[in-house]
Every structure is written in C-alpha cells, then in structure tokens.
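Before anything else, here is the set of structures, which you'll find just below.
Each of the next two complexes has chain A plus one more chain, namely chain B in the first and chain C in the second.
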Partner chain A sequence: MLLELSDVTLRYGRIQALHGISLTVNEGEIVALIGANGAGKTTTMRAISGLRPIASGRIIFNGEDITRLRPDQRVLRGLCQAPEGRGIFPGMTVLENLEMGAYTRRDKAGIAADMKRVFELFPRLAERRNQPGGTLSGGEQQMLAVGRALMAHPKLLLLDEPSMGLAPMLIQQIFSIITEINKQGTTVLLVEQNAQQALSRAHRAYVLETGRIVKAGTGQELLHDEAVREAYLGVA
Partner chain B sequence: MSEINEATQRQEASGDTGVKAGVQKTEGAKRLRQLDMARSQFATRVRQRWAALPRWVRVATLLAFIAVLYGLPNLNIPFIRTESIAFSSVLFTCAVYVLVAVGLNVVIGLAGLLDLGYIGFFAVGAYSVAVFGSPQSEIATEYPWLALIPIAIALSMVSGVILGMPTLRLRGDYLAIVTLGFGEIVRLIAVNSSITNGQQGISQVPRPPGEIDGERIFGVVSARPYYWLALTVVLICMLGVRQLENSRVGRAWLAIREDEDAAELMGVPAFRFKLWAFAIGAALGGLSGALFASRQGYINSNSFDLLLSILFVAAVVLGGSGNMLGVTLGAILIAYLPEKLRDFSEDLPEYRFLAFGLALVVIMIFRPQGLIPSRRRAVELKDRQEEVTVGG
Partner chain C sequence: MNVELLTSQFWDLTVTGLALGAIYALVALGYTLVYGLLQLINFAHSEVFMVGTYAALIAWGWAGLTQESPIPGLLGMIGYLVIGLIAAAVASGGTALIVERVAYRPLRRRNVPRLVFLITAIGVSVVISELVGVLTDRHRAGIPRLVERSTVISIGDFEITNVQLGVIVAAIAMMVGLDLFINRTRLGRGIRAVAQDPDTAALMGVNQDRVVMLTFLLGGLLAGGAALLYDISLENTRYNVGFLLGIKAFTAAVLGGIGNLRGALLGGLLLGVVEQYGSALWGNEWRDVVAFVVLVVILMFRPTGLLGESLGKARV
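Moving on to the complex of A and B:
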C-alpha cells in the first residue's frame, strides 16, 4: 500500500469539511475521487499534500506516518501534486516552471531525463519553453501543471481536476496522457468532476459526498452503478 | 500527440475572440497603449543592445558610472545640484533611501510580502547605534562605532524574525495590517520608553572612526564622507541582493510571490523562506537606520513616523517593485525631489505629500507595475487581472 488515509477529519474554522475519510492507493494504480462541488475532493487533496493540517486521523505514505510533515517534506518523500486550475507560476517561463518542479532534486542527470520525458509527453510545452506560463492557453497551463509535478519524479502523483475548464477534445487527451504516465510506472490519485472519464480510466474510485466517502469500487463497477450513473453521469 | 496541439490551438483561438469582444477601448486609451508599446519596445532594444556588448565594455561602463556616482558631490552639475541645501547632504539622504528601498524590495518585490511597517526596522537600527553608542543614553555602554553596526544589523534582524514568526502565516492584506501595527508599536516604544528618551531623544550618537592629519574624516560639517560611505554600503548590498536573487533562495521567493500554494506543493518550505526575506529586509533596513543616525548625530521619536514608512513603500512601488534599478530610481525621486523643490520656494516642500499622492495615483493608473517594472511582475499582474475578469 502506497498511501493510506485512516479516518481523516479536517475543519475550516467551525465548518467541518471532512468527516472521517479512509482510503487507500496501491502502487501502480490510478485511483479517482469523484463527487460534486463542495464534496471535499480538493480538501482531501490538500490534506494529503499537507497544505491544510488535519484535525484527526492518520496519513501513511510508503509505510511512514506523514500526518505531521510539512508539504515540502512530503515532496521529498515522493508525493507531488499538480494544483487545481491555474496553479502555475505565471511570470516564469515554461522551462523555469518545470525547473521549479525539480526544486527539491539535486541529481542533474535525472532532472534532464525527466525534462526530456515531459517534453515527449507534452510536445506543445517544448515549443513554448521560453514563453511565460501566464501567456499560455488554459489547456497548455494544465499540461504545464501536470508536467511540472512530474519533474519532482514522484512515487505518487496527485492531480486536482486535471480536466477543469478544458474543451472535450483536450479532456480526452489529458486523460490518455495520465494513463500513459501511469503505464510508465507512476501511481496516480486524481480528483475529478468529470466522472465519465475518471471512472473509465481509473482502476479504482471513491465517491465523495459532503465530506464522506459514500461508495467505493473499481472504476468499471462504479461506471455501471445505478446511483452513480444518476448522480454524476447524468443518466436517468 | 498532434491532436493535442490542434485542440489547444482551437481552444486558444476561441479564447482570443472572447477577449477581443469583451474589451473595448476608447481612442485615448488606445493611443496611450501604443505609446507604451513603443516605449517597451525601445526598452527591450536598449536591453538587448546592452546584453550584446562585450563583457569588458559592460564592466567598464559600469565602473565609469560608479566613478561618476562617487564624484557627484565634486562635479557640481548645474540643474542637478541643489542650491539651498548642501548637495552632498542630499546625496547622502538619497543613498540611505536607496538602501532602504533595496531592503524593502527584498520583502515586497522579491518575496511579495506587503510590509507597511518597515520604518520599525529602520528605527531599531538607528536606536541600536544611539542607545549602545552615545554617552547620553541611559545604558551608556559607549561601544565603538565599528561594533555598533553589527549590533544594529543583528538587532533589526532579530526584530524581523520576532515580527515574522507569528505573522508570516497571514497573507496579503492581513500581513500589511499587522506590519503597519508593528511600525507603530516601535514608534510608540521610542516615544514612551526611558531608554530611547522619547521626544528629547538621544544626542552624541557616535560617528564613524578615522582621522586625517588629526582631523576627523566624519565630521559635523561636510556630508561628503558620509555619502561616500553610504554609497559604498549601498553598492555592496546591491551586489549581495543580486546574488541572492539569482540563487535558489531567489527562485524560491519568486515562486512564493507568484503562487504560494503551488510553491509549497513543489517542495519550497515557504514559511522559512518568507522568514528569511523578512530577516534580510530587516537587516538592510536596520543598517540604513544606523547610517542615518550616525550622520544625524541626534535622533528622537519624531524621526520615525508612519508617513516615512509609507514613503518607503511608495519608493518601491513607484519605481517598480521587484526591479532593483526601478526601486533605486523610486527611492532617489522620493528623497531628491522634495529637497530640489526647496530651490524654487521654501513652501513647496510642504506640498510634497500632495504632489506624491497625486503622482502615485497617476502612475498607478498608467503604470501599475512601476516606472521600471520587473518583466516577471508585469506578466503576473496581467495574469491576476485576467483571473479577476474571468472570475468576476
């Protein structure tokens, strides 16, 4: 087991955002968290990456309790997140953004190899390498965010809404790249509103509702689950 | 993979037309925009020319320029020199302001932390020299000047850490308000504490050592040696800050400024680096305060009011926060103009805050990124504006 959350609760002031989340991610998997707006998907991500301290519960990563570690310490242990939406550095060029992804690393050769890999996955980024991140289109920024997270060479890649605000065509592409990344050996945990895509790509998935996990299963199981179809896939 | 590219292009194209339809400019604004475009193209050309010159030419030009800076008090250039006040004294003030701006630029321009209480560090530095050096002070340790400077730097650095520890968890406006409070707290301590001696202040602040033919180099009359000293300190500090800016530390500050959450997610220990920015900024502020006090020979609590703190921020924002050259220009303008205005009328300086206020408003409307903006800052600002339009 690569990542394990047991009974994690989190509050924003008086509002409890997570009511005891327990989930696991195994090595080599793509795991999806789906749910409506405000269900606690992004909050769960923030708990895992360490941006928000949790109120109770435990987070185990790679056999180590990381509950109390700072975000940068978690990155060093192989956990890297691509933030939601426009979470790139707008004033840095594409290249500088990618270098930022490798901020914690010292192995020059490894960094160069990963840079090459990212440019192979996203040729568009190679074309724009000297352009400031803020001048890229929404789709390119999303690619840059994913590519930058890959530059940390994570054991577990966390993706927060990789399809947010993208055209349907691009959503397809970004998901096939995620599958490709996974095939190359990176475990992926992703949060999505686009349940159709997420469930068909994921090995396993969890359904979140108001800060609780209400359903869990393989991607295919959930894709054919009546309640899930009705609530998230728009099929009556 | 080529499908991605096509799709991106398509999305981009649709986004473009959306923006075009949404933004309609008046003729005047268009004119201004064209003027600004021409100006920025000119600036880019100058920058490229400069970069294309051989290294030795650049170094030689820079050295010549520095030589001119050192020669300024003796060159007596018409229009630039001031008539009613000793020019070297004005130059000294400019140098101190530049040092302040360089320090504050680390905090505001590089790390993106809005600090409105920077005067607090300036005051800590000034009082460190006065309290530990003057025979007039209650403590009367009378340390020599050379020992006082490191003490001033250390104490202001410590006060920076003390202020930063609890407050750097706050962001944006909240941090600005807390730092504003800090500046006031330092001033009120200066007013009320017996050590700082309030409005009466402390006199006989030690001057830098050194004698030539039995006469002190740093006397009461001429400000020239002080200017040369301050200029030297400024140049060294600028070099140091430039080095930091281009290091891993500078990269971390940049990332924090652009997107703090994303920086943390990339493994930057944001809190620690913000604290470093605060401490380094405070040290420079303290150093400039110490220089100021050594030249004045006398300080009291009136020297450190809120207005000065706001002027410091104005110097950074006006010049172009994040750009060392920009903030230097901003600081020089803010220190020099009021003194120059005295040449025309004794009353004019009284209106300088009105003039500054107007100038700030005008500049912020037409050049929100400052007179000589940092190129990254310009992109960030645009990005943020777009976010607001998209979100709103």
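Moving on to the complex of A and C:
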C-alpha cells in the first residue's frame, strides 16, 4: 500500500468538512475520487498534502506515518499535488514554474530528463517556455500545473480536477496523458468532476458525499452502478 | 524660493542626494522584501539598521580605531572596512533574524490579523531603540574618520568625492547582488514562489519558515551594508538614527512601489535627490517636508508607486 488514510477528520473552524475518511491507494494504481461540489474532495487532497492539519485519524505514506509532517516534508518523501485552480506562479516563466516543481531535487540529470519528458507530453509548453505563467491561457496553465507536478518525479501524484476548464479535445488529451504517466510508473490519485472519464481511466474509485465515503469499487463497477450513474454521470 | 541656489549648486546637490538616496534604497529593500513576502510592514527594520551603525563603530574600537587615531592608510582602511562590514552585517542580519523568530513567527503561527503585526512591529522598534538609548545614555557617538575626502571625478561643475562614489557604487553592487540572488538562484526562486502563492509553494516542497528567515536575513544584511555606508559618510550615530532614516526608506519603498525591488532603488535615489533640491529651494529645515509632499503627490496619481506591481504579482 502506498497511501492509507484511516478515519481522517478535518475541520475548518466550526465546520467539519471530513467525517472520518478511510481510503487506500496501491502502488501503480490510478484511483479516482468523485463527488458533488462541496463534498470534500479538495479538502481530502489538502489533508494528504498537509496544507491543512487534520483533527483526528492517521495518514500513512510508503509505510511512514506522515500525519504530523509539514507539506514540504511530504514532498521530499515523494508526494506531489497539482492544486485545484492550477496554482501557477504568475510572475514566473513557464520554465521557472517547471523548475519549481523540481525544487526539492538535486539530481541535475534527472531533472533535465523530466523536463524533456514534460515538453514531449506538452509541446505547447515548450513553445512558451519563456512566457510568464500568468499570461498563459487557462488550458495552458492546466497543462503547466500537471507538468510541474511531474517535475517533482513523485511516487504519488495528486491531481485536483486536471480537466477543469478545458475544451473537450484537451480533456481527452489530459486523461490520455494521465494514463500514460501511470503506465510509466507513477501512482495517481485523481479528483474529478468529469466522472465518466475518471471512472473509465481509474483502476479503483471512491465516491464522496458531504465529507464521507459512501461507495468504493473498481472504476468499471462504479461506472455501471445505478446510483452513481444517476448522480454523477447524468444518466437517468 | 531660492532658485539660484538650486541652479548654481545643481550637480553638488544631485551627487549628495544620490549618495544619501543609495543608503535609503538599501534600507528600503528590507521593507520591500518582507512586504512582498508577508504583506507585513516591518517597522522594526529601522532599528535593524541602527544596530548596524553601532556594531561597526564598536568593532572598529576593538580593532584599535578611535576618534583620536590618525586616518589609516590604504591597507588599514580596507581592513577596517572589512571589519566594519562584517560587524554591521552580523549585527543587523542577526537582529533581523531574532526579531522574526521572537516577535513575528509566533504570530504567523496563529494567523492573527495584520493589525497585530503592525503593533508588534512598532513595539519591537521602540524596544530596540530605547534599549540602545539607555545603554548609550542617549549620546551621539562620533565615528572615526576612515577615508580622507578627495575629489575623484571633476567635469565642469560636476564633482564627486571618493566617499560619495564609493557609497553609490557599493550600494548598487549590493542591489545587483540581491537581484541576481532573487532571480537566478534556487533559494531566490523559493522566495518568489512564497511571495506569489504560499500554498502552492508549500506543495512544491518549499519550507516557508526557511524562506521567511532567509528574507529577513537578506534585508538585515543589506541594512548592515547601509549602516556601514552611513557611518562612513555621516560619521556619527545615535540610538534614534533609525527613526527618520527608516521612515525615509519606507517612503522610498512606497514611492517605487512596495514589494518591487527595482522600485526601491528608484524610490531611494529619487527621494534622496528631491530632498536636496527641496532644501536648496526652501531651506534645509524644509527638507523632510519636501520628501513627504513628493510622496503624497506621487501616490495621488500612482497609488501603486512608480513601478507599481509588487513582488507578488510581477517578475522582480
């Protein structure tokens, strides 16, 4: 098991956003987390990456209890998140943004190889390498966010709505890239509104409702589940 | 209004203004760096500077240089400059780090409103300044002369002394160093990342506390450099020298666009020069008034300062 959350609760002041989340991600998997707006998907990601402290529960990563570690310490252990809303550094060029992804790394050769890989996956970024991140289009920023997370060469890649705001063509492309990255050996935990795509690409998935996991199964199982189809795939 | 004085001494005033403005600019960088990172105005920065002016003086005393000493030769001068620079940098850098660690970090942990930071900053400033005031009986301390003044460049009306030239060149060298550090190094990129988006910076593995410490340290080192230049040019210091100079430097930072590094340079030089012109036109007692009137007028037309965009938003 690469990642295990046991009974994680989290509060924003008086609001309790997570009511005891337990989930696992195995090495080599793509695991999807789906749910309606406000279900707590982003909050779960923040708990995993350490941006918000959790109120109770435990988070184990790669056999180590990381519950009390700072976000940067978790990155050092191989966890990298592309945040919701992209989080591009507006005043940095595309190249500098990508270099930020590799901030904790010292292996120059490895960084150069990953930079090459990112530019192969996203040729558009290569063309715009010296453009400030803040002036990229929304779709380009999304590519940059995913590419930047890859630059960390993480064991576990956390993606929060990577298809948000993209044209249908690009959505297809982003999901193919996620599958490709996974085939190359990166484990992926994916939050998505686009349940159709996410479920058909994921090995396993969890359904989140108001801070609780209400369903779990393989991607295919959930894709054919009556209730899931009705609630998240817009099929009556 | 004495226009004749301004025109007859134009170059003299300009050079004097630039040499003083370069010192403002160095101190202004400390305000602007911290502001760009934390949106916090570190009013204690003026005291970080003041401590440096004393540190160099004390180090020189230990090394045997007093006001009775003859002016040292070239080698001696270089030796004393190095000693003074190290002392001022260590004292100012150290003070900045301690202030961050003792006063601000606990507040950052608790996510308190900005106003609390502001009051704390003012409090720290008063404490340090009063502490030095009590220790020195509020006396003005004379600083031994390190460099005999001589004119090094003279073209027509334009004349500049070795001290003025040295101060301007040294200040600009320090600023170029800072600019390269911020824009070209990994740690510098870490500072910019936290300034632009702290949460995402954390997700990329940037240790925020370390970046904040580094930023305070950089500001402190520059203030130490400024303190050395101040000692050499003005040749005296007092427990309250940080107050007015700090306000001027802060003004320079706002004038250039707070959070913008190059703005601090521009603001500092501009303020230094305008002050000199003002004092020629209306008399020396109007010097500070002129400086602040300029600030108010510029901010009326350009509320974000001359270069506008901040460290947070723009490429620095």
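As a working rule, the second predicted complex is superposed on the first by the 235 of 236 C-alpha atoms of A that agree within 3 Å, B and C clash if a C-alpha of one lies under 4 Å from a C-alpha of the other, contacts with A are read in each partner's own complex, and residues count from 1 in each chain.
Rule of thumb we're sticking to: contacts are C-beta pairs under 8 Å (C-beta built on N, C-alpha and C of every residue); 3 or more make two chains touch, one makes a residue touch a chain.
Small disclaimer: the values here were computed from a predicted structure and weren't measured.
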Fit-or-clash call for chain B and chain C when the two complexes are aligned on chain A: clash
Partner chain(s) touched by A:L166 [first = chain B, second = chain C, both, neither]: first
Contacts of A:D72 with chain B and chain C, given as first, second, both or neither: both
Chain A residues touched - chain C or chain B, whichever exceeds: B
First, second, both or neither for A:A113, with chain B first and chain C second: neither
Partner chain(s) touched by A:P123 [first = chain B, second = chain C, both, neither]: first
First, second, both or neither for A:G138, with chain B first and chain C second: first
Which of chain B and chain C A:C80 touches, first, second, both or neither: both
Contact residues of chain A, present in both the chain B and the chain C interface: 49-51, 70-72, 75-76, 80-81, 83, 87-92, 99-101, 103-104, 132, 134, 148, 152
Chain A contact footprint on chain C (complex, rising order): 186, 189-190, 192-193, 196-197, 199-208, 311-316
Residues of chain B that touch chain A when the two form their complex: 1, 3-5, 7-8, 10-12, 15, 248, 251-252, 254-255, 258-259, 261-270, 375-380, 382-384, 386-387
Footprint of chain B on chain A - complex, ascending: 49-51, 70-72, 75-76, 80-83, 86-92, 99-101, 103-104, 122-124, 132, 134-135, 137-140, 143, 148-149, 152, 166-167, 169-170, 173, 177
Residues of chain A touching chain C in the complex: 49-51, 70-72, 75-76, 80-81, 83, 87-92, 96, 99-101, 103-104, 132, 134, 148, 152
